[in-house]
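The following block contains the structure, expressed as structure tokens.
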Amino acid sequence: MALRGRDIVSLRDLSSEEILELLEGAKKMIPIAEGRKASASLEGRLVAAAFFEPSTRTRLSFETAVQRLGGRCITIADAGLTSMRKGESLSDTIRMLSSYSDAIVLRHPSEGAARLAADASDKPVINAGDGANQHPTQALLDLLTMHEALGTLAGLKVVLLGDLRYGRTVHSLAIALAMFGAEMVLTNPKSLGFPEELRGDLDAMGAKISEEPDLRRAVRDADVLYVTRIQKERFGDEGEYRQVAGSYRVDASTLEGAKPRLIVLHPLPRAGEIDPEIDRTPHAAYFRQAFLAVPMRMALLDSILRARGG
Amino acid sequence: MALRGRDIVSLRDLSSEEILELLEGAKKMIPIAEGRKASASLEGRLVAAAFFEPSTRTRLSFETAVQRLGGRCITIADAGLTSMRKGESLSDTIRMLSSYSDAIVLRHPSEGAARLAADASDKPVINAGDGANQHPTQALLDLLTMHEALGTLAGLKVVLLGDLRYGRTVHSLAIALAMFGAEMVLTNPKSLGFPEELRGDLDAMGAKISEEPDLRRAVRDADVLYVTRIQKERFGDEGEYRQVAGSYRVDASTLEGAKPRLIVLHPLPRAGEIDPEIDRTPHAAYFRQAFLAVPMRMALLDSILRARGG
Amino acid sequence: MALRGRDIVSLRDLSSEEILELLEGAKKMIPIAEGRKASASLEGRLVAAAFFEPSTRTRLSFETAVQRLGGRCITIADAGLTSMRKGESLSDTIRMLSSYSDAIVLRHPSEGAARLAADASDKPVINAGDGANQHPTQALLDLLTMHEALGTLAGLKVVLLGDLRYGRTVHSLAIALAMFGAEMVLTNPKSLGFPEELRGDLDAMGAKISEEPDLRRAVRDADVLYVTRIQKERFGDEGEYRQVAGSYRVDASTLEGAKPRLIVLHPLPRAGEIDPEIDRTPHAAYFRQAFLAVPMRMALLDSILRARGG
């Protein structure tokens, strides 16, 4: 495949053909991710997982992906304990990591950190979330979950629910959905819509976007309901938060009248946005989505790192 | 062996036959734990070490056990840095870990957390300490140390010294000693005796238990002196603490008149309960006990995780 | 080689012949450190990285070295989360680690901790920095960088710039330079000169040392400019700090008139001591130095740990 040595900073670094190829690659990785099949495709490869912001789920899924393929990791799991505390620039830290490892997985609180790192590094950099900006591998695994459950991406009707302003996972996802001609329905609190720049980009791509503040109406003929966290700290006062959070909570009554094949996704962790009673319904796809993080990241790492002849 | 795929939440999940078989298995693991013999029995296996409460010793001994057998680890070493901080339920966290890994080793500050995790996980869960409740693998390695040094468990006279109320290691151990017909002598500050529920369980098992507040007298014809930490925060005032801690400190004079083969155990870390002058005597078995954590956990992991034909 | 099973607490634990042999060994490790060549020389070996003080760079380079050679690691990355917090003595912690692993890499805030650990451990201990005392593996990689760039150590003129009092890396390095007959020029703020004891040792070794407070003059016919961090907290008032830090900052004008082959070294992280404009000049050797940490530590670990017949 064509990704050998490439940086993945934004989903736009990938063509739609490359994305589809990655999704197929990920499906083949599933038995390895489940531990039922052995692989040594990353044997001898060392990946630096540099998490300058805590993200247990993302970090562990990358470390799992590397190790299930026979590779090794070095890990920075806490910004507070690093040489950055001693005043080191990100660029110096990345140069160090790129001289130790074969690829860098970077999580960073600042928007644009991943691009800066990719410029400083002579090894591939994979953006695992930079501020409120991008989280391309999350978007890939979201796509994989949809593709596995529904067999296609084109023509899907996807409701994006919750905080669309600060939730970086939906930013990367929206671009991907636009690339594949899916239809987006935005259901968000007034103050938490898409950032203007993103909205402009999506319009320029010819994305099919509508708005429907009423959740039940939005869900009615949707194929996917993508739920995000609504973060307390985004609101001026507690009362406003409670009201908003309450009106965007998904429970059994929300899904009355939905398509039987509707799947509910959530990047997790959740904190009340989805009632656990949904867990037992066939709509619940978020645990599958959590698992698919591993084969998706396997496919990406394998494509970027495997030897040419491999 | 019969443990394939089993959860180990409490020592009572194991029969006495299974425990004896594990002790024999652990003895065979010693040369591997010492690095003198290679093993690949966990090759291709990934174990999640989820420590939601710090415990360097327990975490490192599990990671050592996994890696000496050729397996790999993913690790959560600090509760404060996890998605639980973002409000995620333990059950959601465990479902995620169980979809990444082949088994979960869980340390958690809340009693009952391990049982809850075992219910949420479709992979085996090993309790590495849940609150003041249970710590079954510690009890197993305590038994192993006694069995290796004294050749038997039945009929041993074991003094349990110190904090028997909050010290979870002695809770699991007491049950194990009752299973094997050992005799227990309790030497504890008045306010720090066994919890009533445990005492009831032990009585129902027909455990041989006596009390002897005088340490020297208790030690006189004992085979094992098991020392626990007396934690300052359990006492109302400093003066009471000093008095109690002082009267339960083990030094050379404490062991005058003890059997030559008496062994002193301590789950470590110690903080003054045992005078370092004991380290140089043949009674000191606590460093051996610390080492035996590795082969004991190897045997357990191997028994739970190895392939059927292996 | 002769280092099998040896502790490396101070650079003085090594003869100059052994150091030269290590430098040659490190050069052969370079293709393995770069990931271009496979090695399994530490397969089956487990190294404990015990960092009781954060040092991302040193920790990751050791973990990289171990893993690139096929070995495994167990890691303590934060003092605050360890059993030492529960009052355990360093000696007890080290005895535990030495019963789990095949070697211990120790970073500790207290001077003398590494020697104490070596006494408590029956496995080799490598000092990765103990307080303001010694950091022998840093000195080795400094020597390696000079040797690779300049082909020799004897007769080099090395300017040591900055904080020579608290900067432990220059302490170990100065001893090494004295061993190999290099000439040292000290360029430091008045209050931050070599500790008296070290100066005495160097004089006893017959070291060639001069002082030149003017940086440009010092650099004029130097082969190496070794820059250290000047730490704010060493100064009484902010004004004094700014003045000193400013006068020891290396930029293009500092190097006017320097030898074309002069190399600039820095143990990193840097925080303003070297202007990034130097990065693009042939003088900048600090990123190469950062990388050479890996092959240097590989050679050391390999020499200490590999099987006799290996």
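Assorted remarks:
Order of writing sets the chain letters: A, B and C. Residues in each chain are counted from 1.
By our rule, contacts are C-beta pairs under 8 Å (C-beta built on N, C-alpha and C of every residue); 3 or more make two chains touch, one makes a residue touch a chain.
All values reported here derive from a predicted model rather than from experimental measurement.
Counting only chains that touch, the fewest steps needed to get from chain A to chain C is 1.
As for how the two copies chain A and chain B face one another, under half of their interface residue numbers coincide.
Centre-to-centre separation of chain A and chain B, using mean CA positions: 40 Å. Across the assembly, chain C contributes residues 77-78 that each touch 2 or more other chains. The part of chain B that touches chain C in the complex is made up of residues 35, 38, 54-57, 60-61, 63-64, 67-68, 77-78, 229, 268-272, 287, 290-291, 294. The residues of chain B lying in touch with chain A in their complex are 44-46, 48, 72, 74, 76-78, 81-88, 92-93, 95-97, 99-102.
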